[in-house]
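Next, two complexes with chain A in common: one pairs it with chain B, the other with chain C.
The block that comes next holds the complex of A and B.
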């Protein structure tokens, strides 16, 4: 019960801070919007382009949002206090991971609505498949993203470092989500990428919390 | 932190024991070869000039830092090998309050309570205890430094720690705030725990201290019962760079 309490406390604290500041949501939303509009203009608004445009926008928005996941602790010098609470530091990982999942899910829903209108895609027809793909994509991005938020915590230029770290690691997620979304919109199956995304997400969820504990240890 | 029954009842185990405790940052020695023990039900005052290693020592005991060499235990638990068990018994209030400005005072305490496994604590009571009654719904960013420190004290207090570690606890506090610190320390020791207080304010700290540890240049300059502690030792420590 204490584990659930701690994870829930971290998640609700992160979401409450975000709700009060709305900095991460605004920044992620603006970047995603700009990427979609920019790529939409450059590549054209054919429905076949939509999956790639959408998930590239998600990738870049995640890059921008992740460093802010630990910003409150850095700015208010609350990191040490957070790390010295009793219990495993994995609880902090899971709390921040869930908060990021909520934020990315909200962003994805907003972007799907936007892409649906701009690229003329009948989202409702494919909704169950798109939700499934969204869950896998968001989990993959959030799992790696939360770990990287810990990795770059003490780096001064963390906004610069984040794309270099996240984009290569998130490539299987973005690519898999693009291929699966294309397949879903075309009404065909794409078993291989489903397995890739599933295995990636599962591995990330198993490994990242452990690595998070390691990177949060004082050297 | 959430240990209502401190193992201090066992008088054989020192509350804190350090053996040749050393910490180095790069090539600089922050603390070096510190060996001392703190019995249960006692208060250790750590004094020394700036840069003498007081904060480093406290952070080592709180598991915020790992020793470069040597060892330290808290009620028998090694601060490296059993860091989680140590954290379950220790509450550390650093020199900066470390509270979330965008949250209210009550939300800050609720978060701390949940993290300590005490989410059903009556927050109003804790706010009253630290003199913040009626301010629970105010955002912390509207608080003065002293009020933030009181909130940080409440956060540590509600965890009912066996070992209370306070770094410069008198900073920004008025006379009532100082009494609050002393009440908190006394409560901890009466429960069988201990307190380690690092301060520059010897006159305030000596009122609660049982023992005094003097650091100078990261080394142990003296460790003596507070009652026998001579003022010239402090002067001697202060004369070192």
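The block that comes next holds the complex of A and C.
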């Protein structure tokens, strides 16, 4: 088994589990939907508000989705089996990371369609820029989120702890994506924020897999 | 034990001296009047908070590398004290901001970064407390602390840039020229709080060690 095989095995396992129940995707979609609805009603649906509303909704949906990423390991005591498989534990990180990336990307696409309609935004004309921003944002959220999914694996009140852990750490991602989206919709470039998101994503992807191995050790 | 009590006595003396210089011996500020005296408590508070988090990060990294319990005692103690002093820095800053800036709170980068830092380390403490095994709790708290510390510069600059598009940096603190008695009050405050922090840290580390020994027995 090569590294890629191992990673692909974990990813497909996570996605298969999710596909069978589709609970996490539904819950994430519903929360994001409600956040958008609430903020839309409260703030009004001027197009200028859309980037902030969208990425705040993404942030809260991610908070909800991350603990589910290790739910099967908790509920069915599948962790021991998963850890017994040969190879380093970094593979588990990358596998779960890719599964989270797929889920967040699907969620983001769904939310963009919704926000485009509700806030009257011409998505198609800005599609390449929005896809680029989406990739950076989803990678940032997923990189830190996968590590935190491992952190709360053996912690009580995992769902309650997640907002406190993820939202402060992921603040730069949300801020950067909001500003980049605003700039893209206005037809401007924002090199500085690309650097911020790039640095965040790169640092997270370098540090988190290493720390993930520490997180996954038995007590 | 003797050394610790001695350190505590020094901290007490320095705090008394700092309070005297800050409240009585130094003049009121030309612009801020008597309110400037809040600075002599606020700046040292914030300084100690950042020192505490730097110590937490280093001790956490050492703990993960060497797995010697003493590094975990240090990290745990420094996190707790860091949360306390960050909370105090936020409160004193707010009290100072009200008369000087005319507002309790502003979305200034330093304020937001400090508040975010407060939550990150609160999260680290909670993870430690809620973990099912103390050793696992120590490891998870170390992981959160390290990630949090690496994240701080990114958070700071992202808040700076996020806000600068809206409002220019109209709020710059303090004057470049500072009268010698005021500088003395500030430096004395910094020294006093640093020694106080060192004293509390040694005290808390001793407690962590005793707790651990008590659990093992």
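In the analysis below, the second predicted complex is superposed on the first by the 218 of 219 C-alpha atoms of A that agree within 3 Å, B and C clash if a C-alpha of one lies under 4 Å from a C-alpha of the other, contacts with A are read in each partner's own complex, and residues count from 1 in each chain.
Note that a residue touches a chain if its C-beta (ideal position, glycine included) is under 8 Å from a C-beta of that chain, and two chains touch if they have at least 3 such contacts.
For clarity, every value in this text was computed on a predicted model and none was experimentally measured.
A.B. asks: Just to be sure I read the superposition right, which of the two partners does A:203 touch: chain B = first, chain C = second, or both, or neither?
C.D. replies: The answer is second: A:203 touches chain C but not chain B.
A.B. asks: With the two structures laid over each other on chain A, which partner does A:46 touch: chain B (first), chain C (second), both, or neither?
C.D. replies: neither
A.B. asks: Between chain B and chain C, whom does A:154 touch in the aligned arrangement: first, second, both, or neither?
C.D. replies: So A:154 only meets chain C here.
A.B. asks: On chain A, what residues does chain B touch that chain C touches as well?
C.D. replies: Shared contact residues on chain A: 217, 219.
A.B. asks: In the complex, go through chain C and note every residue touching chain A.
C.D. replies: Result: residues 64, 116-117, 119-120, 122-123, 126-127, 130-133, 135-136, 139-140, 142-144, 146-148, 150-151, 154-155, 157-159, 161-162, 165 of chain C touch chain A.
A.B. asks: In the complex of these two chains, what residues of chain A are touching chain C?
C.D. replies: Where chain A meets chain C, its residues are 144, 147, 151-152, 154-157, 161, 164-165, 167-169, 171-172, 175-176, 178-179, 192-193, 196, 199-200, 203, 207-208, 211, 214-215, 217, 219.
A.B. asks: Using the touch rule from the top, collect the residues of chain A that touch chain B in their complex.
C.D. replies: 2, 5-6, 8-10, 13, 16-17, 20-21, 72, 76-88, 217-219
A.B. asks: State the interface residues of chain B toward chain A in the complex, per the touch definition above.
C.D. replies: Touching chain A: residues 1-2, 59, 62-66, 84, 87-88, 90, 92, 94, 96, 98-103, 107, 110-112, 114-117, 119, 152, 155, 159 of chain B.
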